[in-house]
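Below you'll find the structures, each written out as structure tokens.
In the two complexes below, chain A is the common chain; its partner is chain B in one and chain C in the other.
After this line comes the complex of A and B, so read on.
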């Protein structure tokens, strides 16, 4: 053992900053979770604050907002999966049919771009486009003689806006992996199908789709595991008290009650509850993908 | 219009802050990621499996927002340049991609370096790193874009307005509608139109750097996404 450590001493030295980072910023906070069982007080510190057991967990579950928060988090994730998962596949299939390669490359370049735009810019553009007074979407609605809709102030629109903008931002980037899978499809299969009289549509259905099916299954499973990972930033930037009823999710609630109002123990309890559920999702998804194919997170 | 935006002291300050955060953050993140990934890429590294497990586990479970916040606070990083660069120092995903890349470098090259009397660190610096320019630039770009776009760290850890990066200032202008006095005075004419154009101009000015370099570096990004799709 000591011999091995000596042999690898330079490697351990190279690895040291990474390990220190993970210990301080990932593992110390994991132990910091104990504050959810204590009445944490900034001045007393973690050790001297008194234990309160499950007080904050009970407080969360008896809170009338708890159900709404869990439902919102789950539904946003579910809609994102339902509509966001097929989008890159469809885009990749369409791009695969494009014969003019300059055009194809142009579309690819343009569709990858939104992935690199910041959430603040996306939220800002949505605010401007959807504004009831200056937004062009409402200009169109008004031109047809309807009343303008104040999209961002109406709870009923939040999920649609969240999911649709997510597709706009990520569909192109997500299509890369499918386009890569498509290049592995044997061209002879296409020729054979053509000789058998299959048109373009039939070829896509019976050659292309089965060709990328393994990639689809793996990504579906991995995406399903991420269902509760709702990005904090976008919800935070787009929601407001008028839309809390559909928009408020666990992470934004933790931020408001924990960080802004300073209820550190309560916020940590809520966060841990969701973290555990999320862990179960990711873990089972990864288990499933390992059974289905060779790909897994670890 | 652009004149108004570009003369807004907050935008200039935000630009300056963001550039500093991106430069320092990318340098630190990329160096430490490359060093760590090289060590982890070694097949028989002592405790290698344990370290890898420990790192991957953080992808599944984390202490959450508040315990991390308290750690950053107790280390005295709040309102410093380190608040923007250290809490997100290593991206586990990038670390794994980098490791996968290093695993593909032929062992013979490293052995030849050792024959010439280099230490392991010497092999890494003089043989492996020069061979890894494509991977380094890809991961560096991912880090740089992440830092440029970062809003979350600033929201949590920066309270002092003079430290705000561009994204926070952008949000304050576009979403919350705060203007500096000079703009309100000079914009009092056709208010609605001016307000709208000002917001668009602000968005464009803050996104322009990415839009301008994007077409040239796009292929690196795509390569990065492809390496990431292969299991390590």
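After this line comes the complex of A and C, so read on.
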């Protein structure tokens, strides 16, 4: 053992920052979970607060908002996965078919751009563009003779805005992985398929797609795990009391009740519940991909 | 073997031009808004280029 450590000391040194990061920022804070089983009092501290068992979990499940929160979180994540996952694949496949390489590189570069602006700026831009008075999207709607829509104040539009802006921001960046996977496809396979009389569509279906399938599976597993971990910032920046009905997700609810209102124990209980569900999602997505195909994360 | 330009190539190029416009226009628009005189922005007259001459933009420099 010690011999092995001595032999691999430089590798272990390289690994150390990652391990330390996870221990300090992920594992140590996990001890805070204990306050979800206690009636946490800021002045008594974690150890001296009295135990209350599952009180806060029961409080959450008997709360009429609980169902709506879980549904919103799940639906937002599901739509994001459903529409956001194929978008970079389609973009990569279209880019792959472009023969004029300057044009291809130009489109690629431009589509990466939105990835580099922060969520706060994106939310600000969305507020400006979707504004019923000065937003250009409403200008277009007005030009066709329809009534302007106050997108950010209508609950029915929230999921569309969230998912569409997510695709706008991340599709180009996401396509990098697929384009990289596409370069590993053997050109001989294309030639063979062409000689066998396969058209463009058939070549895409039988050569390109199987070529990038492993990358797709791994990204699908990773994305499925995040289905409930809806980015807090973006929802927080785009929602308002008028759209809580569809926009309020677990993380924003935890923030409002746990931190703003100071119910630390209750907030922790809700968040831990979400973590457990999230874990089940990653685990089952990985299990499914191992069963269906050969690739899986572990 | 000489390849001719298929209909798909044209459609594909148009689709990707759509992607370019959709990603680039918000940037151009934000740049134009940030460089325009504020009364043009409020009156919603900014489209592609900045509006308002430099002399009216007291916030410049």
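Note that the second predicted complex is superposed on the first by the 259 of 298 C-alpha atoms of A that agree within 3 Å, B and C clash if a C-alpha of one lies under 4 Å from a C-alpha of the other, contacts with A are read in each partner's own complex, and residues count from 1 in each chain.
The definition used in the following text is that a contact is a pair of C-beta atoms (placed from the backbone, for glycine too) under 8 Å apart; a residue touches a chain by one contact, two chains touch by 3 or more.
The structure displayed is predicted, hence computed values, not measured ones.
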(request) May I ask you to decide whether A:141 touches chain B, chain C, both, or neither, giving the answer as first, second, both or neither? (result) neither
(message) One more residue to check, A:113. First (chain B), second (chain C), both or neither?
(response) both
(message) Contact-wise, after the overlay, does A:168 reach chain B, chain C, both or neither (first, second, both, neither)?
(response) second
(request) Determine, under the contact definition given at the top, whether A:66 touches first (chain B), second (chain C), both, or neither. (result) neither
(request) Quick one: classify A:97 as touching chain B (first), chain C (second), both or neither. (result) second
(request) May I ask you to decide whether A:129 touches chain B, chain C, both, or neither, giving the answer as first, second, both or neither? (result) second
(request) Compare chain B and chain C by how many residues of chain A each one touches, and report the one with more. (result) B
(message) From the superposed pair, tell me which chain A residues show up as contacts to chain B and also as contacts to chain C.
(response) 113, 125, 128, 133-134
(request) Quick one: which bits of chain C touch chain A in the complex? Just the residue numbers, please. (result) 3, 6, 8-9, 12-13, 15-16, 19-20, 22-24, 26-27, 29-30, 33, 41-42, 44, 47
(message) If we count contacts the way the header does, which residues on chain B are in touch with chain A in the complex?
(response) 32-33, 35-36, 38-40, 42, 45-46, 51-56, 58-72, 75, 86-87, 89-90, 95, 119-121, 124, 145, 148-149, 151-152, 155-156, 167-168, 170-171, 174-175, 192, 195-196, 199-200, 203, 206-207, 210-211, 214-215, 218, 221-222, 225-226, 229, 231
(message) Show me the residue ranges of chain A that touch chain C in the complex, using the header's touch definition.
(response) 91, 94-95, 97-100, 103, 106-107, 110-111, 113-114, 125, 128-129, 133-134, 136, 139, 168, 172, 200
(message) With touch defined as at the start, can you tell me which chain A residues reach chain B in the complex?
(response) 1, 4-5, 7-8, 10-15, 17-19, 21-22, 24-33, 35, 109, 112-113, 116-121, 123-125, 127-128, 133-134, 173, 176-177, 180, 232-233, 236-237, 251, 254-255, 258-259, 264, 267-268, 271-272, 275, 279, 282-283, 294-298
